[in-house]
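Both complexes below contain chain A, partnered by chain B and then by chain C.
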Partner chain A sequence: MANTVSRRVFGAGALATGLIGKTASSFAQGEPKRGGTLVATWGGGEPQACYVPAGGGSSPTFSSSKLFERLGRRSMEGAFEGELAEAWKPAADFKAYAIKIRKGVKFHDGKDMTVDDVIYSIDEIWKKYAAAAAMTDYVGGESPDSDTVIVKFSKPVPEFFFSSLLCGGVNYIVPKHVYAGSDPVTNAANNAPIATGPWKFKEWVRGSHFEYVKNDAYWRPGFPYMDRMIIRYVRDPAGRAAAFEAGDIHIGVFNPVAPPDIKRLTGTGKFVATPKGYEESVWSTSFECNTRNPIFAKREVRQAMFHAVDRSLIARTIYYGYARPGTSPIFSPNKEFYTADTYKTEFDPKKAAALLDTAGYPKKPDGKRFTVNLLAAGWFTENGKIGAIVKQGLEDVGIVVNLTVPDRPSSIKRIYTDYDFDLAISNQANPSEPVPATTQYYTSDGIKKGVPFRNASGFHTDEVDVLVEKIKVETDATKRKTLVVEFQKITTREASNLPLVEIESITVASIKVQNHSNDPNYLASTWYDIWLAS
Partner chain B sequence: MERFAIVGRFARNRGALVGALLILVVALAALLAPLFFPIDPLRIVGAPELWPGEDPAFPLGTDSLGRDMLAMIVHGARATLLIGLFASAVATVIGVSVGATAGYFGGWIDEGLMRAAELFQTIPNLIFVLTIVVILGSTLSNIVIAIGIVSWTSIARMTRAEFLALRDREFVQACRSMGMGDLKIIVAEILPNALPPVIVLSSLVVAGAILFESAVSFLGLGDPNVASWGRLVGDGRQLIRSSWYISAIPGVAIMITVLCLNLIGDGLNDALNPKLRDR
Partner chain C sequence: MAGVIASSSRRVAALRLLRRRLFQAVPLMLGVVVINFILIHLAPGSFLELMTAENQVSDPATVELLRKAYGLADPIWLQLLKYIWALLHFDFGFSYRQNMPVIEAITINLPATLLLMISSIALALAVGVAAGVVASVKVRTFWDTLVSVAAMFFFAAPSFWLGIMMIVLFAVKLGWLPVGGMMTIGGAGGGVASVLDILAHLLLPTLALGLFYAAIYARVLRSSMLEVSQLDFVRTARAKGLSRNKVTLSHVLRNALLPVVTILGVQMGTVLAGSVVIESVFSWPGVGSLLFDSVSSRNYPVVLGIMVLGTLVVICANIAVDLVYMWLDPRIEIR
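Up next is the complex of A and B:
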């Protein structure tokens, strides 16, 4: 199943990349059709606001990324390309970067985008909200002339890190004339954004959809092809599947329908399903041990937890094959930094039992070793089912498991604020650049009580802290990779928090939709080149 | 003699008889579950999504993870009946205490308690149950408490009405003139006379409680350590187009059980309500 999907998609991706910025003559479907309305959805609910300066999760990222743009983007091949910037280059000491800003870009209200907007966005939005954890060493920005911005840091900054910063998350260029002097978090423009992107905000019908229209003054000449985009929210996956079949929705990103329905929809020949477009935002289901509990302060016990769980069973039955066992905190699609050469905690109940014996927790006369509270975060239904499999695996090695599956707010509070768990099943979505997204789960400065999706296990060693500081400032790409490989070896051996599975996120689209899934974080890209064949 | 008459009147209602027999079967299944299926019903024992009859080892098939449907249905009967009975007991205890106090004493006590009951009645029941479960945590006992807390109001109102009608009757006044205490009058004299309609109502609360528990589990807020029919329906929802039996089998079990409890309620009404004696 997965194979046939990838093959089909590989073709679509190759075709699409040939099109970017060039003529459409090489495209099999012929000339892009202009006009029409695209209806899109995603596998989640309506956002809290159309644009949330701090990110606010995938939902506002999805809705805002069609309106706003970043300075750069990453291609499917991994190359960094300019978007609102034309180019950027580091100073000799890597403590400053010069960004050349694109000329002739206008905001939706007709005002020109200038270096002031760029500096304002970096100073007031990125540094304070959108990328606060990544910009701790940021000193300030200045503009020597009207199309250059110099970004300064107190320590050397690797080029890959900087490029990732320009292309990542919700690091948008926002209009200074709209946001200056206000609190960006509560600015009314967040619900009717003014930005530079290919789509202009028209309306938000709460509980139903966003309506965006074509930006006629878009800086990429001739784009977008379509006149209108509707982002529609459907609460239930079964409802989305029905809407696809009725032709009411053309494309859905991030698992819009349940896995069994993917097979059914693609079986009709009217839809394609693709795992492409998630390379810069790979989701995983993580399993972490609370090292504040003296039992889990022992490394052998933590390793035993992973040896006791059958990860391939989880991938097969719960995700219907749309997942693969995780082996490292850096996920396997990460071409820059992933290594397969890590400490392995493969499924082996006997080894788990032996490790528990040596750690000083032999079976008592009743066949039990100890009791743990297992918390499976209830924001994905899959997590609760994984909880059942983990529980069974642990019970087989003599551990009594009390499983709870709280709802989203309670799960966040219990894992990341109260640390009220022994073992937790949660999720991570990480970009290729490991600092800080991945590393903050393992460093002592990642232990931030009350901040979700940080180091909740409480694990920290000087070894890892020092190593991450080195990764942060190493500007030689080869040496940096060696350090990240070292990081993966240590964290897999320590087993405080490791992925059970890497989830293969799926986009489902009607075969009419052209030029989709052509960005490594497609959910968060502008979709300027999408069109609908008749 | 009177006892037999009650049983006879109950049995005259054929529906009630069938209901009682089926509930007896469910209760037996619940009681004997550990004998037939000694291992944890939530264990994965076979291939996922085996249809009923596909593998003789699993007469009702397996669910999306490969757990034995029959084992989960039989063990689920325990959770379902236990929750139904205990939730109904909680609701009855609260309802009768509040209703009896309000009806017997009247005045500002009545006013206060009935306004409190109205307060509970104005909150949508299911949302109230979900809120309580989310706050207290998803364990079996918390679900029982939550359902009890939302279900007591109708029992309280019924009890109050009965007490209002009975409190000034001659036999009560006779007790008062003999110097009997309020508590004794309430418990020993009025309550036995007020009880028959309350029992009927309590049997219906059992059915309601089962539906509440199913809804809570369906929404994924049930106790994940316990096999429950409602959660099976919810888990099977994703597969409704391909393996509909996962939702349908526990759904039918819930339907039959609730229907039977309602039939029993009808039968009890016939048996206990003297006005219908010669219908």
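Up next is the complex of A and C:
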């Protein structure tokens, strides 16, 4: 059991360069050891608040998810399981769901969790902040008895969609007695949360760490195993690698160290690295074409952009093999909806040139076709490097490229407010449920000027809009999958916004750490069963 | 009697200097506020855009509402006037990202930065002066060469690289010192143990930040001392039969320190800037980390607050330097 083989396919480049080292030992070895302190980190900075009702990005999601819990969770096998809910089932018309609430759950301040907390969370937190885009058809909730909450919608809601909602993002159950009557966004409890999870907030030393302690009244008997958890923030990846080596950090999620350091750390035999635990939050680096530009309004030009770029090269050189070329807006680890049977945007410069010729942009006597402004969003350093490869690829087919790499706020403004780009290299993180996280990049209602991480390309057709509306309300799982497959065929053919590469996020952990990477969104899970071997 | 008069006159001159410098600080501060305010607002993107991105605000009406609530709907000159007016009332504004007053966000981090700055400057002065004295006294010897080579190395080595190398050597390989942070998480036991714990955490960042300046001081002091040691009053002191150490420390060093003190005043700002990098490498929970985060998130109120407080620190340091200058050389009357 020491070295289980990862079930996800690693990039060929990684295998070729031997970067993987060891795969994860994520399952318990023997009897769990109780007590001790776990020190964890992640591949980013400190959050703006311990808990942000609207999510606030990966950092507050990481810090808050150890304290709060959701109604449900997804297993590594893909099954939906109850957490704060014991079960849920749809009404015959799928316009309502009955949620059976778990009894005996207490908040950290000793108060019981009730149906009122659940209804408050859905009405005031999910609907307004945490899952606003997904809850447009939500009508209201009611509690016929002290164990049950009925959640009502104006349209039929597919079961997979609803279950994903219960398990997703920061759709936590918050204490009504703490949040009611306040502005949830500015509530002081966001920096010292009271929740139901296995860990209780103890202290936040700003600039350094969070300290959580074991919740002795946790509803799962016997959990958590450990007495204390520290979430430590080390800004510099090299500093994180050193902290791992010095034994100061036990586990780091979401690429805590630079790829070359993964090989070095795992090579010592004291650490494991695994891509497991990101199946419900797959990241991609995407290519967005601004269809407001008449050149990119032509489908052939958009397709040509993808054919001109060697995405295997990006995966190998920029991500050291921890990535693979993307083929569809539904990412390949998505077992429910992914299909490979789509328009193929493989690397083929000759095809790119032919498409550009067909679109009416042949090479001029100087060898150039037209000029594009390529914006590589600077929130990830890799994007700028990818920009250089894209520039090279496009210039090889006669397109002059002006590459800029603005910082995060500038990138957000230029892409989503000013639409000041022809091509943008951006990033998306998508769960398995495609509505709305994935579909909003292709629909008319996803075009919202000034609202980031929506449809910035401006692409929209009635065909896609109608199709997505059908996906939203189709309650038959088989028919729904057929519709999503159709969605992928259309969007890959239209090529307004497609992944260049799907990124392998990596968790690095000491071999002492047991029961890790055992949730498809591990960064955002509670870590209730983690323990440290001697 | 003459000594008392001279001492009293120096005090008056010092007070006059202090008054003049404080008076000059007002337009300087105003300039710093105006220039920084404009520069920050010229940068594309705002904290509102970042906030709406992080919070997935999808309703344009809500975005507009927030824009008004945060005063971003006002013209920039009005925002500036409001900010200056608030500053006059010691109100540095509110950090919506941290959900707390700016002054609170800064003061949480300020002690760590001040500790790092003071320790780095102290180290730089101690090592730089000692090395400069040795190099000048042992000029054109092995010791002079050693100081020159070491000074060249620490001057040329980027502080972040030096920091990482020291972490690898002293924290990872040898295990003598902690990798980062300001204190052992969970506490070192309190009292003396806590002080020692903080000192252990402080040592590497202090070395990484301070050795660069020590190199400068050593080089400057060496040449300054060689120059001063050729002057007539030094020859006179030697002729009077004073010991070599007495001549070197009381006469040569005191006069040779003037350029070092000048550089020290100028470098207060750069030490503060350097701490941004060092704090990042060593996870030191100071203002540098806060500034980095705030610039990245366009958290204008915090950035401006740090700039204003940083300017205050530099102004105070320069006033102190002027006073030290007068103390070192009573002939100098700074205007």
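Definition applied: the second predicted complex is superposed on the first by the 507 of 534 C-alpha atoms of A that agree within 3 Å, B and C clash if a C-alpha of one lies under 4 Å from a C-alpha of the other, contacts with A are read in each partner's own complex, and residues count from 1 in each chain.
As a convention for this text, a contact is a pair of C-beta atoms (placed from the backbone, for glycine too) under 8 Å apart; a residue touches a chain by one contact, two chains touch by 3 or more.
Predicted model only: the values in this text are computed from it and were never measured.
Asker: Just to be sure I read the superposition right, which of the two partners does A:Pro224 touch: chain B = first, chain C = second, or both, or neither?
Answerer: A:Pro224: touches no partner chain.
Asker: Looking at A:Pro260, would you say it contacts chain B, chain C, both, or neither? Reply first, second, both or neither.
Answerer: first
Asker: If you stack the two complexes on chain A, which partner ends up touching A:Pro184: first (chain B), second (chain C), both, or neither?
Answerer: In the superposition, A:Pro184 contacts neither chain B nor chain C.
Asker: I'd like to know which partner A:Gly44 touches here: chain B for first, chain C for second, both or neither.
Answerer: Neither partner.
Asker: Touch check for A:Pro329: first (chain B), second (chain C), both, or neither?
Answerer: In the superposition, A:Pro329 touches no partner, neither chain B nor chain C.
Asker: Contacts for A:Ala376 in the overlay, against chain B (first) and chain C (second): which applies, first, second, both or neither?
Answerer: A:Ala376 sits against chain B, while chain C stays out of touch.
Asker: Could you say whether A:Ala238 touches chain B, chain C, both of them, or neither, answering first, second, both or neither?
Answerer: both
Asker: In the overlay, work out which of chain B or chain C sits against more residues of chain A.
Answerer: Larger number of chain A residues touched: C.
Asker: For A:Pro406 in the superposed arrangement: first (chain B), second (chain C), both or neither?
Answerer: both
Asker: Does chain B (first) or chain C (second) touch A:His209, or do both, or does neither?
Answerer: Only chain C is touched by A:His209; chain B is not.
Asker: Looking at chain A, which of its residues have contacts with both chain B and chain C?
Answerer: In chain A, positions 238, 406-407, 410 sit in both the chain B and chain C interfaces.
Asker: Residue numbers of chain B touching chain A in their complex, please.
Answerer: Within the complex, chain B touches chain A at residues 40, 42-44, 48, 64-66, 134, 137-138, 220-221, 224-225, 235, 237-243.
Asker: Using the touch rule from the top, collect the residues of chain C that touch chain A in their complex.
Answerer: Against chain A, chain C makes touches at 43-47, 49-50, 52-60, 63, 97-99, 108-109, 112, 164, 167-168, 171-172, 175, 178-182, 185-186, 280-286, 289-290, 292-293, 296-298.
Asker: Within the complex, which stretch of chain A touches chain C?
Answerer: 37, 39, 45-46, 48-49, 52-57, 129, 132-133, 185-186, 188, 190-191, 205-209, 211, 228, 230, 232-236, 238-239, 242-243, 245-246, 248, 406-414, 416-417, 448-454
Asker: State the interface residues of chain A toward chain B in the complex, per the touch definition above.
Answerer: The contact residues of chain A facing chain B are 237-238, 241, 258-261, 264, 313, 317-318, 376, 378, 381, 384-385, 387-389, 391-392, 395, 402-407, 410.
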